[in-house]
Structures are given as C-alpha cells and as structure tokens.
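Starting off with a structure, shown below.
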Amino acid sequence: MSLIKSMADIVRPHRETETVAENSQPKIQIRNLNAYYGKQHAIEDINLDIYPGLVTAIIGPSGCGKSTMIRCINRMHEVIKGAYATGEVLVDGENIYAPDADPVRIRRRIGMVFQKPNPFPTKTVYENVIAGLRLNLPKQKKSYYDEVVERSLRSAALWDEVKDKLNAPGTALSGGQQQRLCIARALAIEPEILLLDEPASALDPTATLKIEDLLFSLKEQYTIVLVTHNMQQAARASDMTAFFMAGEDHKGRLVEYGETKEIFINPKDKRTEDYISGRLG
Amino acid sequence: MHDVELARMRTRKLSAAFFYGLVIIATVLSVSILFIIISHIFMNGIGALNLDFFTQIPKPYGEEGGGIAPAIVGTLIMLAVAALIAIPVGVATAIFIVEYGQTKFATAVRFAVELLAELPSIVVGIFIWALVVRSITGYSGLAGSLALAVIMIPIIARSVEEILKLVPDTLREAALALGTPRWKVVLFIVIPTVLPGLLTSIMLAVARAAGETAPLLLTSLGNTFFNFDLRRPMAAMPLQIYSYAISPYDDWHKKAWGATLLLIALVGIISGAVKYFTRRWNHESH
Amino acid sequence: IPGSGLIKGAQAGEAKNLTGAGATFPAVLYSKWFSEYNKLTGVQVNYQSIGSGGGIKSISDMTVDFGATDGPMTDEQLAAAKGGEIVHIPAAMGAVVPTYNIPELAKVKDSLKFTPETLAGIYLGEIVKWNDDKLVADNPVLKNVNKYIVVARRSDGSGTTNIWTSYLAAVSESWAKKVGAGNSVQWPVGLGGKGNEGVAGVVKQTPYSIGYVELAYANQNKLAVGQVKNKAGKFITPNMKTASLAAQGVTLPEDMRVKLVNSDNTEAFPIVGFTWLLAYTNQTDPSKALALTRMLWWATHDGQQYCEALDYAPLPVDAIKKSEVLIKKIQVNGKQALPESISK
Amino acid sequence: MKKPWMVLREKLKLGKAADPGRLSVIRDPGDRVFSVIIGSASAFVIVLLSAFVLLLFYDSLESIERFGFSFFSGSDWNPVETELNPISFGALPFIFGTVVTSVGALILATPLALGSALFIVEYAPLWLGKIVSFIIELLVAIPSVAYGIWGLFVLVPFMRSTVEPFLQTLLEPIPMLNMLVEGPPIGQDLLTGSVILAIMILPTILSVSREILKNVPRLQKEGMLALGATKWEVLTGAVLPYARGGIVGGAMLGLARAIGETMAVTMVIGNSTTKISPSLLTPGYTIASAIANQFTEADSSIYFSAIVELGLLLLLVASAFNILAHFLTNYILKGGDARHA
Amino acid sequence: MSLIKSMADIVRPHRETETVAENSQPKIQIRNLNAYYGKQHAIEDINLDIYPGLVTAIIGPSGCGKSTMIRCINRMHEVIKGAYATGEVLVDGENIYAPDADPVRIRRRIGMVFQKPNPFPTKTVYENVIAGLRLNLPKQKKSYYDEVVERSLRSAALWDEVKDKLNAPGTALSGGQQQRLCIARALAIEPEILLLDEPASALDPTATLKIEDLLFSLKEQYTIVLVTHNMQQAARASDMTAFFMAGEDHKGRLVEYGETKEIFINPKDKRTEDYISGRLG
C-alpha cells in the first residue's frame, strides 16, 4: 500500500547502511516473560533479545502491554500494587529476577524515562540532574557535581538552553525541556540501558524531533528501548522494532520482531501490516 | 409546545424558584451561625484581656482580678508534649499506609486509624485515666499530654495520608528508576514535595487538640499555680473555661469568655501562621 | 486559738507542692487558705474542687496527696482505700442553704421561709409551682408567682448533697424511703449543676429556680437565701452563728465522722455539716508528709480565722483538739510526720 | 571503548568498579530499618485501639456481670441504697437522652447542611461556593467548650425566653405534637442540646454531602437538563437519588460525632436523669455528659464500673456508626452505584 | 491520496443522489458564536447554518471545541461552572441567547444524546423513556405512556430487544442498548432538533452501525447534529460536515463546512486534508 511506502521514505537514510547486530551478543534477553496486574494477565510469554548500540522500538495498539513490557526490564513493574512478573530477564546474561537480585541496584544500572516528564518539583534543575547521585552515592565535591551536570545536560542536548537557569525549579522548564531534563537525570548515573516509555507523547513536534536526534546520538553508548505509539517516530528513530498486540483475551503478545525497515516495509504478519497502515488502533 | 405544557411550565418554574429560596435560606442560616458565635465570643471576651489575665494566677473564690496564666502555660506545655509524641507516630503511620499499603496489615492499620479518629474524646479520657492516672502518675500534665496525643495521632495520620496520596506515583517511579531505595524515596523525594501541606495538616491537628476539654477533665485535673512539672496536675485553658463558665461568679464568666477568645485566637493563629509560612515556602521553591 | 502561729515560713525538707481534690463546699475557704499559705510558706497547695465524691475516689485511688469531703467516707469506702488507713481531719463547718431566683422578689427584703415539708415536697417533685398552697402558707408574697419551680441540684457526687439529703431523710419519711441520703442519689427532679459553683450558677442564670449551696456561694453571689424551720419549729436565717450552734452539745467521735443535721438546738440552723480533709496515716514520701501535716496543722489552727469573713463556721475547740490527735497519727516510715516542734 | 558506567565507578573509586556485572548483592539495610520503624508505629495504632477496647471492657466487667442487659433497659441510676430503691445502674435515661439529642441534631442539621451543600455545588459560582464552604467548615475549628459557653450564656436564655415559648404556642393546638413541648421552658433541656449538637455536626454533614454531590456524574445531571428539566428537577430527579446513600453516610458520621460530643452538651442539657418523657423541654442527660459529670467521683467500685461501661457503650456505638458511614460514603465516592453494583 | 479515495468508497451510495439543502431555510443559524470556560476562550467566531432533514457532522481533532459547539446549541454549555457564550444561535429565526429566552424551554425543544450512555440508574427502562414527559406534562393515562414508550423505543430500534425488560433498571442494558435508550428518551418528548455528541464512541462496531442506521431513518423528521471523531462514521452517516480545528492559541475555529462528499473527497483546506488523511490528530 502506498501509505507504507511513504512511511519507508521517512526512515533516515543512514539506517540503510546500519548492520543489524544479529551476531553481536544481546544485552538483554527476555525469556518466557509473563506479567500480571493482580489476576489480570497483561503480557504473555514474551521472548525477545535486545542488542546494545541500537535503538529498539516497541509499538502496538493501546493496552497491548508495551509499558508493562519495558517496566519489567528494570523491575519497575512490581512497584504497582498487586503487580508481579514471572519468567526471566537476563541483563548481560544475569537474571534480574533471580531471588537474590536487588531491584534497587538493577534500576541504578537501567535508566528509565517516562511518558510524562516528571522532574522533582521541589528541586532545581541542577539538583534534578544529580538527584540520582545524591541519593545513591556518598557526598562528592561540588566540582564533581558541576562536571556531571554539564556532561549530562550536554548529552541530553539541553545544556545551552538551561545553563543560565540551573537554579530554577525543574518544573519551570517547558514540557520538552523537562523531558530532556529527565533524560539528563537518567544519564547522570551512567546507566547501561535506557528505557523510554513514549517519551515524546506529551511534546510538540519540534521537541519530539530533538528527542529523536538525542536518541540517535546516545545509542552508541547505551542500549536503548523506546516505546512509542507514533509510527513515524518508530520508523525514524529505531533500528529494531517489536510489534505487540493484545488478543481477544486482552493478553499482550509479541507479534513480530525484526529490523525496523523490514517491519515497516515488509511486515510478515497481517496484523502488523494492518496496524501500520492504520486499519487497527 | 402544547398549551398544557406551557401552563405546567409556570408551576414548575415556581417550584424551582421556591426550592432555590429554601436552599438560599439554608445557606444563609448555616453561614450566619459562625458569625453569630464568633461575634459573641469576641464582644464578651475582649474586655477580659488585660496584662493580669495573661500573667497572674487565679484569685481565690469571690475575689476579683487575677488571671489564667497557669492555664495558658499548661495548654502550651501539654500541646507541645502531645505533639512531640503524636507527630512521629502519626506521620509514620501515614507513611506506612500510603507507601507500604499493599498488605492486609496496612488495611487493618487504616481501619484502626479511622476508628480512633472518631472516638469520642471523653472515652480517650477514661482510657488514659485507667492506663496512666490510676496506676502510674496520678492526675498529671503527662496524662493530659498523652490523652491529647491519642487524640492527635489518628487525625495526623489521616490527614497526612491524604497529603501523601497527592504525590503522583510518577514522582516515586522517577526516583525508584534512579535506583533509589524505598526509604530514601519517601524521605528525600515524597516528603519534601508535600512538606508545606504536611506541616499544615499537622498543625491543624494540634490546633484541634488545643480545644479538647473532656479528656483533660479526667487526666490533667487543673492547677491554680504555675506548674512546669509534667508529673503534677496542670491547668489548661479549656478546663478553666469550663469551670469558670459554670460558676456563678461574674468575674469568672468574663474570664471564661476571654479565655475562649484566646483559645480560638490561638487555634486561628496556629493555622494562620502555618498557612503564611507554607505560602512563603511555596513561593521560594517555585 | 492555741497552737496558732507555730508555722511561720518555709521548712527545710518540705515538699513545695501538694495536690488535693474534692469537696466544692469548702472550696471558697480553701482557695483563700492555700493562697495565704503559699504566701506564708512558699508551698503550692493545688486544690481542685471536683466534689466530695471525687475527693473520696481520688484519695482512695491515691491519685492525689489529700482529699476533701463533706460527706464522711463510709466504712466500706475506708476499707477499700488503696493506701491504708485514712483520717478525717475536720476543716470547718458550714450551712447548706436553700437559694432561689425569683425575679418578682428581687426587691423584696424578707427571705422566703421553707419548712421540711416544703423542701422535701419541692425536691420530690410534688410541689411544682411557686404559688403552691403549702409555700404560700408561709410566704404570702408567693401568691401571685404562678410559675413552675426549676429545681437545681448536683450532677456530681457531693458532700453538700450528702448534708442536704441527710437532712431531708431525717425530716421526711417519704424522702428517706424513696431517695435516701448520700453523696449521689437518684434525684426525682431537677437540673444538675457540677459542684456548688454549678448549682449556684444554675440558680443565678435561671429564673424561678431553687437550689442548695454552701452559704458562702449564695452570699458571695448575692443570691437570695431562704430561712428554714428547725426541729424546734423556728424559722432560722442561716449564718455563721446559727451554723455554729448546730455543733453545740454534740459529742464528737474520735474519728470525727459525724453528721450535724436537724440539730436539737432551738436557735440552730438545721442543715449544717463538717467538712473534712482526707489523708492517709501511712505516708511514704517524707517531704510530702512533712508538707501535708504542716499544712493540716495550719489549716485547723491559723486557718480558722478566715472562716468568719467567708461565712463558714470555725471549728469548735473540741474539734480542733481531736484534729490534732488525728494529724499526729500521720506517719512516715513509722515515725510521726508532724515536726515535734509543732506537736508539743 | 570504555563503557560509561565504568567511567563513573573509576572516578568514584568504588570497590566494585571492576565488577559491574554482579547484580545480586546484599540489599540496602536502610529499607529494613525504615520499614521496621514505621511498621511499629502502625502496629502501635492497632495496639492502642485494642487496648481501648480491652481496658474499658476489663474495667466494666463488674457492671456487665452484675447488671447484664438490664444495664441498657433499666431506668434507675441509683448509686445509694434506700429502703425502696436498691443500688442499681440502668443507663436507659442516658441512652434516651443521647438518642433524642443526636437524632434531633440530625433532623435540624441535615436540611441546613444539605441545602448549603446544594448551594455550593449546584448553584453558586465557584468562588462563592469556596467561600461558603470555608466559612461553614470553620465551625469545626471552634472547640467544644466554646460552643458550651456560648450555649450556656447565649443560646439557653434565648431558647428559654423566645424559642421555647414560641414553639409552645405554635404546637399547643396540635394533638400529639403538643406533647413534645410540654412543661416549663427552662432552656437547659434536650431541645437546646439538640440545637448545639446540630451546629457542631453541621460542617461534618456538609463536607461529606458536598463531596458526594460533586461526585454525581455530570452526565446524569446533563441527561436530565437536556430533557428540559429545571434545576430543581435535576436535583430531585438525578442528583439526590444518586447521592442518597452518601448523604445518609454523612449523616451517620454526624450522628457518630453527636453521640460522642461531651462538653458543649453537658453545659446546656441540664444533666438530669429524671423520668423519660416525650417532651423535648425536659432536662436530660447524655451518656457522654454522664461520664463527664460522674467519672471522677464514682466512689464505689460498682459505680465506677458502671460509668466505664457507659464509656464502652459510647465507644462501640460511635464506632458502629462510623463504620456504617464509611461504608455508605465510600461506596459512592469509589464509584460504586449504591443500587446496581 | 489513496487513503481518501478509499474513504470516499465507503460513503453510502444513496448519499450520491441526495440534494443538498442549499436553498432550503436553515433550521439553526449560528452567528459569531464564542464560547468560554472562565478565562479560556474555547471556540471563536463560529458562523454556521444547519439545515433540517439532514445529518450534519462536526469533526475535528480532540479539544477543538466540537462538544462545546453543540452544547451551545441547546444552552447546555452554560451549566458548567464559569462557562458562558456570546453571539447568537437562531433556531427557526429566534435567538436562543436573547435575554428573555428560557433555557429550560429551549432544551425541551432540542434533544441531546451524550458520548457516554447516561440512563437514569434509579429508573426502569420504561420510566427512563417517559422521564421527559413526566417532567413536562401533567400526569397522563397509563395507556398514553405505554404508547409513547413503544413508539419511542421502536424509533430508537430498541423495542424488540427490550420489550420484555421494560421494568429492569435502565443500567441493566448493554452499552449500545443504553445509548439507544437515551435516544428513545430524547425522542419521547418529540424534539425538533437532535444533538448527538460522539454517541457511538463507547460502543462496539455492531452497536455503532445500528446507531448510524437509526440516524438515517430519523433524519427526515429531525434536524440532526452529530459530533464524531470517527472519520468513517462521519463519511457514512452525514450529509453535511463541518471541520473544526484549534489554533496554536487553543481557540477552536470552523475551518471548512460543506457537503460531506466534498469535504472528504475534495477538501479545500490543506488542514482538512491532513486531518482526514490521518496526518494530524
């Protein structure tokens, strides 16, 4: 269909030459993952390998379990009342659901950015960035904090916009700036993996594009997982795409996973095609 | 529209207007009650307030003059001690309910808080009498403080619970996702976020306890002299108001009105001050 | 009074605070006493007038240092007290008087006359209007007061009530049968006031009311006080003198627990009683025991001079002698608590 | 290439720098300490509540054993033995006084509170509604004893001289109703007790009803409006039926408070155990005021025990109403429809 | 674009032959209508003529003021606290915003059906239907009510499904049935105009189609205004379409108005085209 063709057109040209990491070691291996909200079975039997150095997009209709999925990767799923998960998630080969695994440490290594920007309202921009350091590490020299703040904000492409406002409250920034601040905050503790749950859904197109550029520049150093309901965004910003969908039983399942280009231009599954062409959702 | 309908419209309109009138009357009545009571207290009480009133101990029966200073001091001491006990327990309970509220135990705690908050205060008096006055201290400021603390705890727990619930989960998740242990999330993220509201609700609980009479009747007894020793009976403004009000002495009536005005002003000042400071706080942080 | 003036100023080793609670009947006197005593010795005696019932209960539970009552403790109550033997130290005598508030009579000089029958009738709820024939018979002024009588009485346990009901029980058979005498009784009628203050308050606030209070409360508040017909058939105005007469010729028991109502004395007011301070003979805290016994001594001797001005009747000499014996019974660690220098 | 997390660890000279891979380590002990602390505070609250019940029960055991059910049905409260009257403790007059005053308060306060709540939620512009509810809720901040003194010196004389005589002339000719106002108007009576309680529970009922009314789905009201209903018809047709359960819940909460209220009532009700009569102008007694008046001087153990049993009764009844109120209001506020859930 | 073509395909064939009522008298004339929520200016300067005997659809992105618009037509807008409107709405040439106009009467003449079905939960199906009659007319004979109930439920295509459940509570029906019950309730008082605000958004496809059929059969007798966010529905069910959109200033404006066929196949405005093709929203 023509629509899909035009989608393929907006895939960035450099993606074409990217080598897909089929034979590099996966950073995250998800094995038979099931997640529940009390009695409700939200996602069923997910198996998925996520590779370092790439942006992996998770797409699918509302309620298919995208958020649930990535929250399972840093054990944030279980902080919801009554929620629990079974199965394995291996990070660098180690199961984060092992009985002796410490969720606090896991979350320190796996940064997360949420759909709605959530800077700490009582903290300044500066303090927001180093919040993770302050909470987790012994007190450091001011110069060290200064350095981290500048580096993180630069990485988040926010430094120039806020360098004169470091002492303003985090909530005094615009929505897009707040979201980049949250990314900077996540980067400040130098995680290995960055999970982003619809990070641009609250933002206007300009801010959205900035975030996408940012992801592109970060992916060399991090393993990035991006949940989005915006097809164009998935097509533009990701290297791999996983399509999830919930069945009649409301359990979310992985329908198709592969290179973004393939998924968008040549989906193997009829449901993927329908969804991407806008017939579903 | 049909004619019948038009005719009916008139009576419907009329009844709507009539009931609107009733609603207005109810509102005006309800609102005016406050003004009536406050103006009586103000007019009758203002005349009693002079330097002696604040600095002197009560005079013997039938002699004019003197003041209620021991009662003012006693109320402040007992409130302070009660707050010292009740604030940590109340806040901790609220934190438990909100942040760890998934268990059956937490539900039971909530329920207990709910029931304690609505216990008649005279029952609290009996309880502290039986537990403390009878077997430990005799009538004492400490017993009075404990009674006030028991009254404050559930009020604090309940209002702090409401306040903590206002903190969006996204904020907790933001902190958790940074790899922060739960207790640090609570202490360094959740509580600072709502600190002004927290202080307000705590102070309102203190203010409410300030006016309690019935439990003090059975625990702190009263005192005609200054007393700073918690082990001995202590005077309190509500007690003084009660005994002066029911007496036949005109001078005491005046003092009772004065003390009432003072008590209400105290409650008003506490809540006003809290509002003022929290507003400043909010201005500074935003 | 022999034995007065021995206490002048503070004493080493004496506690600086005492807590007492109980009768409201003598509270007018006590508040004066303890204010003076504080000036004299620096000891703060915190007396809370919560009613004799409260005094008895507080001393029995040992929640206070001393109690006070004007209805003597019963043998059962004495036996139930937690801290051992309790002595009744007489402090003063006083009259319990009918007091009323009838706006029409505000200007009338003469006070109303009450008989045992009318008082019992009113409190039994049998006489309900001020212009009842029985009342009008002695008080023609009431003929036109066609108003319901608002009866006021105590809501708390009270020695004043004890004296009042003992009197009614002594003079009215049906009262004795139906209601009886005691600190708290089942009242057939009436508004309850807490303490003598409360009853006086109700009478003062409520037109057409009648109540009974210790004379001091009525006089200090300029309430109208009624005359009462005594055993000899005379209408007696209550005052310090007619109250004192009630104790004349009565042999006082060693423990001083005695009721004085319905005196045989032809000039005596018939509703009179002692009021007592209650203390344990076995004290554990030497400094408190010292402060307590000194205070008791002062009250029963020097303190008596304040009675007259406040409309109480001072103790008869005989009663003071007996109280000295009782005060000396108070011991701490097996030794008399009162200093030898005073008790000589 | 150096992984970023290794840079951080090296900079901070953390011991584990060489081993970024191990996830499973001993957890932060802070969490355990913290949860123990707040857990024990919470446990304390439960202990406290249990201690209330147990202690009051223990101290009233003597009375419970001796009088059993007759404690609630007997109307003789007689602490003194006489020829005709043995010692007995029957709390019926107190229970009667409590029921009459608190139900009376409810009858007086509910229309006012509901009317004001309707005004605030349905009629007034936002700013006015806020002011009105703020003012009425300030009534909560007035201490009980302040209501008492106001009641004693202002309300009682006003009731005695104006309201009660007026009611008597008004109801005199009406059979049955005239029984409610028999006897001399004293001012200190069940009626005045009800009025003062009504004022005190007004803000409680108001704030619950206001929340409930706010929670009536807008769609329900608009559905009615769109049919051409007047405002009043919307209220009676769509709002009140929906909110009924919650408003009853608010009233229950008010009732629970009225039942336990002590000082203000004590100061205006007359404190009299005299015979139970239908007239609201007779002085009465409530359970709470009986405790306040008699607790400190219950000088025999059975008397004391009977007073404590009154306290226990108060505790149980207030809690029962509180639970009921809770159930009724939460049902609505949490979205359950009282009839079809 | 091909997408639009395929949309045009689903426009019902009978629409093709419909004469558009350009020269018939408009039933509703909206003149310079502005609506506010407190200080917020929600819709600006709307001018729109609505014709009898047709279904007029109002479409546009979320928040563009569709609901606000139709609520202004029966003066339901002002029941929200702080909300008010300026300008004129003429019904049969009479300004319903005239100072002496009575909103109660106006609402009685203009029926409204809401996004979420809102039967009265305390009333039975039967009582729900005649709720309006009970309000507006003196008590009638049972037989009269019976007749109205049957007629209205038949018009709402619900009679057969509920004729045995007339005494069940209104909330005991399924979502689609409840919505048709609300339509029956509106029809029972025989309004002249019927306003529907996303009446099918809470319904499944089958129920949705039933409602659309119903509108088709009702339009002869009523002037129908239908708000919908569903393009297909607008295309299928309406004769005229008004496209609204909010600017950067968040004020909703009428962008384009015309025959549904024209709007969907040949939109004049670029924004209309973008919206219908799915690029916006």
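By letter and in written order, the chains are A, B, C, D and E; residue numbering begins at 1 in each of them.
To be clear about the criterion, a residue touches a chain if its C-beta (ideal position, glycine included) is under 8 Å from a C-beta of that chain, and two chains touch if they have at least 3 such contacts.
Just so it is clear, the model here is predicted, and its values are computed rather than measured.
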| item | value |
| --- | --- |
| Where chain C and chain D overlap in contact partners, by chain label | B |
| Centroid-based (C-alpha) most distant chain relative to chain E | C |
| Interface with the most contact pairs, given as the two chains involved | B-D |
| Relative orientation of copies chain A and chain E, as a Cα rotation angle in degrees, nearest 5 | 175 |
| Label of the chain whose CA centroid is most distant from the centroid of chain D | A |
| Distance from chain E to chain C - Cα centre to Cα centre, in angstrom | 86 |
| Centre distance in Å when chain A and chain E are each reduced to the mean of their C-alpha atoms | 41 |
| Euclidean distance of C-alpha centroids - chain B vs chain D, Å | 15 |
| Residues of chain A touching at least two other chains | 104-106, 109, 189 |
| Multi-chain contact sites of chain B, meaning residues that touch two or more partners | 12-13, 181, 184, 246 |
| Multi-partner residues of chain D (each touching 2 or more other chains) | 27-28, 152-153, 230, 233, 296 |
| Residues of chain E that touch chain B when the two form their complex | 104-105, 108-109, 135-138 |
| Of chain D, residues touching chain B in the complex | 27-28, 30-31, 33-35, 37-39, 41-46, 48-49, 51-52, 55-56, 59, 111-116, 118-120, 123, 132, 135-136, 138-150, 152-154, 199, 202, 206, 230-233, 235, 253, 256-257, 259-263, 267, 288, 291-292, 295-296, 308, 311, 314-315, 318-319, 322-323, 326 |
| Chain E to chain D touching residues, read off their complex | 74, 76, 79-82, 104-105, 107-109, 111-112, 114, 116, 118-122, 131-132, 135-136, 169, 171-172, 182, 185-186, 189 |
| Residue ranges of chain C in contact with chain D within the complex | 21, 50-58, 60, 76-77, 80, 125, 147-148, 150, 155-158, 176-194, 202, 205-206, 208 |
| Interface residues, chain B side, partner chain D - complex | 12-13, 15-16, 19-20, 22-27, 29-31, 33-34, 37-38, 40-41, 44, 88-89, 92-93, 95-97, 100, 105-106, 108-109, 112-116, 118-123, 125-127, 129-131, 150, 153-154, 157, 181-184, 186-187, 207-208, 210-214, 217-218, 238, 241-242, 245-246, 253, 256-257, 260, 263-264, 267-268, 271 |
